[in-house]
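Shared between the two complexes below is subunit A, which pairs with subunit B and subunit C, respectively.
So, the complex of A and B:
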């Protein structure tokens, strides 16, 4: 209950600031009122996107139809696609980290390079990425890859290193091959901790995704926020920001739930 | 009985020398306890025999061959981390045969499911002999006591029917009562299966109770590596009904072993009781 007081205090402070600014200037766009925000949200979530010609008769369409043809839906879809591809690309990163931790030769081959790679500020190579990969999807995905995969590789490497050596020896004495030890013993043991590591890196993933979308994109949540900034469209920007936070919060809860369901033996430290 | 393990002039060094010129022959079906002071290289010797490490010099022959990688013929029960935490007790026990017989993707086949069912029945019997209840099979290792975990670890190793069972301070973390219980269980299993057992322990009383032979490792001086300072065959040892050595004899032997563990012998002493 106590934690909700902070939310209440934040909302209260917003209402007070908004009211004060609107008394001073009724045309104020910087801190819109809740009514203006609700109008902006309805505009973004229930009106068809300007480019959409599928819904001819808006008035007769149901709420779901109106939502699935809205600007918010299309932007969410575009950002989600990039997000899912980026998370998918973390799977090989986890496997590489695991092999590095398990097989000294692979570890020795990659470790220094990954440690150096990890120090590169991903946003600083953004111009290079645009030149090398163009301004399409690939450059945005590559930005996330450069920004997050080294961290995930190193996390998976360290988590693998922490698997007791006895477990690996035991695996061999039970007739498992190198492959069996890696995928039947180690991967299963590190999986919940790696999922946690990815979960904790969701924000950097979104950060790099937003950076890419804001700079060069034709759709996506961050593209829309950047576009609306030019028109001071705070009544839509604020719902967009809250929507992104809500989505990320739900993904976080979903990953925690799946982690618990899939790894009932795992006890969080 | 033929020899199953032969350690020939083995030296082992890391930053410092751990083992110096260790020679040892272990016969098939022996129950050998290796004891000595903490840090004298007992566990190192066990890891060398397991194939987890390679000696700096000398060689180790297992059934006449140099085998420098752990394999299914040498079962292993360490003090900790014996069981896979992500698998239930039953899954832990049947892991070995399934991993050996089926590839990673073969777990989708009907033959795999059939074999798994057979192994679950076999593992259930084995766990029962180990003193576990039927309901324990579905538990995860961290839901079991330390003693129960070690029982499962022994079952996990024995289901592979290894030629040699290597146990590294396997009962050290257990309380006195559980430890005594586990010692009786292990002696019973050894008598029943005839598996060659190499049991590392720093507890002299445990070594005397369990082993058919006790080997003491000791350093001649703090800088040198350990060597075998006493090789004691207990075949002629007088034991009570419950398998314990008679008190007077045990006391004498313990003093002798303690003396050897302190490195007070300049040469390896070979002794056979009752001869």
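So, the complex of A and C:
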């Protein structure tokens, strides 16, 4: 109950501001009323984008049919695709970090460079990214990869370092190969912590995704927000922002659930 | 020690008194963003011309630089009293958001500053199916559609794949990625892109003169107060003093250099930008343009564009719901929904030398 107080206060403050502004200017678009937001949401979730083919018979189409032709659906699909690919690309990053932590030669080879690379602000070297990766899908995904992977690599490296040396030695003594130690002893132990580390990095992933979509794109959630900002479409932007928050929240919960299912032995000290 | 203490007290007195001194005079803030036709506001402030005029009318005027989009946001949110913007944004940002807006200075129109450029031998005719980088829903898209319409290619507009690209990255994106076929943007980015090998200009704003206007707008509710009118007079007076210096002063180059500093440009670069800008150095030029019959027709093209692209908001059901009032009293749209006004009174005072 107590945890909802701040939500209630926030919503209350919003309503108050919105009312005050609408009394002064009934056409205010900066702080839309809930009615306007509902209209914006209906517009976004039930109507196709002006550039897309319209549904032939809007009135008779079912709600679900209308939703899957809407601009919200289209934007969500485009952004989700980029998001999933980027998260997928974090898997090799985790493996690299683990090998660096486990095998001193690999660590010596990569560590200094990645420490340096981690401090590069990817957004400030955009023109170089454009030369290397063009301005299409690849550059958006690379922006995320460059922005987030060094952190993940270093984190996986540190987590691997914290695995007790005795276990690794015991593995070797019992005749395990390098491969066996890495994938059957260490990876299993670091997995839950690494998943948590990725969970904490979901927000940076999303930030870089949004930045990429705002720089140049034809679809995506941030593309739409950038367009709507041109004419103060706050009544659609606010539902979009809440939608993104909800999706991120669900992804986070999903990862936590999976983590618990797959590693029931794991307890955070 | 004693000196230190005295210094401290006088310093404190100064700091405490400063806001009080200001509070006696009404304060107005003008927002501007970097553009060849708006950079003079930077010089106006720097050179002391603005302060002179503000003092004459007993007010304080602050000048603040913004990025373009935030300057519009600040104006619509009523954080600033006046701002520089184009006729198109005046319609689709403040006017469409119910903020009654009045244009008091028509400073220039784009006469080649905005351009459609392409590489790999792409022409307007072969643009269909190709990707076009631009900042969507701005004058860039307007220019592109006008280019297609004036060349009889209206039916192909929807076949071009628009890629919304942020203006801070558009030049770099187009120049460094040779697979991109075409781009629409404005100067100085246009000059940078035009220098790239194999890039040619397909269309520019000199082919649609007087359609993309650069204005100084003031909130109408501010203008309806006595102090607001003093402010309008002061800023108009200061503006035309700068215009005089830009066009006639024997130290013209020095003045232009001061203006170019607003965007960290060189004198040469700024002059090059001026060559594709139709500056209205005298109020009479601006007054003639507004009084001429094509003016309303051109505004009609712009407002129709805004409406058909949903820039007036989804809840605006008719183009007439955001009406425009002209100096002759005529109204484009519904009489009870006037949101954008062209007020030539202050430019007229300037023309008559009565400011």
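The rule we apply is simple: the second predicted complex is superposed on the first by the 266 of 269 C-alpha atoms of A that agree within 3 Å, B and C clash if a C-alpha of one lies under 4 Å from a C-alpha of the other, contacts with A are read in each partner's own complex, and residues count from 1 in each chain.
Everything below uses one rule, namely that a residue touches a chain if its C-beta (ideal position, glycine included) is under 8 Å from a C-beta of that chain, and two chains touch if they have at least 3 such contacts.
Everything numeric in this text was worked out from a predicted model, so none of it was measured.
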After the subunit A overlay, clash or fit between subunit B and subunit C? fit
Does subunit B (first) or subunit C (second) touch A:28, or do both, or does neither? second
First, second, both or neither for A:174, with subunit B first and subunit C second: first
Under the stated touch criterion, which partner chain does A:164 make contact with: subunit B (first), subunit C (second), both, or neither? first
Subunit A residues touched - subunit C or subunit B, whichever exceeds: C
Should A:218 be classified as contacting the first partner (subunit B), the second (subunit C), both, or neither? second
Touching A:43 in the superposition: subunit B (first), subunit C (second), both, neither? second
With the C-alpha centre of subunit A at the apex, what angle separates the C-alpha centres of subunit B and subunit C, reported to the nearest 10°? 150
Measuring by CA atoms in the overlay, how small does the subunit B-subunit C distance get, in Å? 44
Residues of subunit B touching subunit A in their complex? 50, 52, 69-72, 74-76, 78, 80-82, 84-87, 95-97, 99-100, 104, 140, 142, 156-157, 160, 162
Which of the residues in subunit C end up touching subunit A in this complex? 69, 73, 76-77, 92-93, 96-99, 133, 136-138, 158, 161-166, 169-170, 172-173, 176-177, 179-180, 309-315
What residues of subunit A sit close enough to touch subunit B in their complex? 164-167, 169-176, 179-180, 183-185, 188-189, 263-267
Taking the complex as given, what residues does subunit A use to touch subunit C? 25-30, 36, 39-40, 43, 50-51, 126-127, 130-131, 134-135, 214-218, 223, 226-227, 229-233, 236
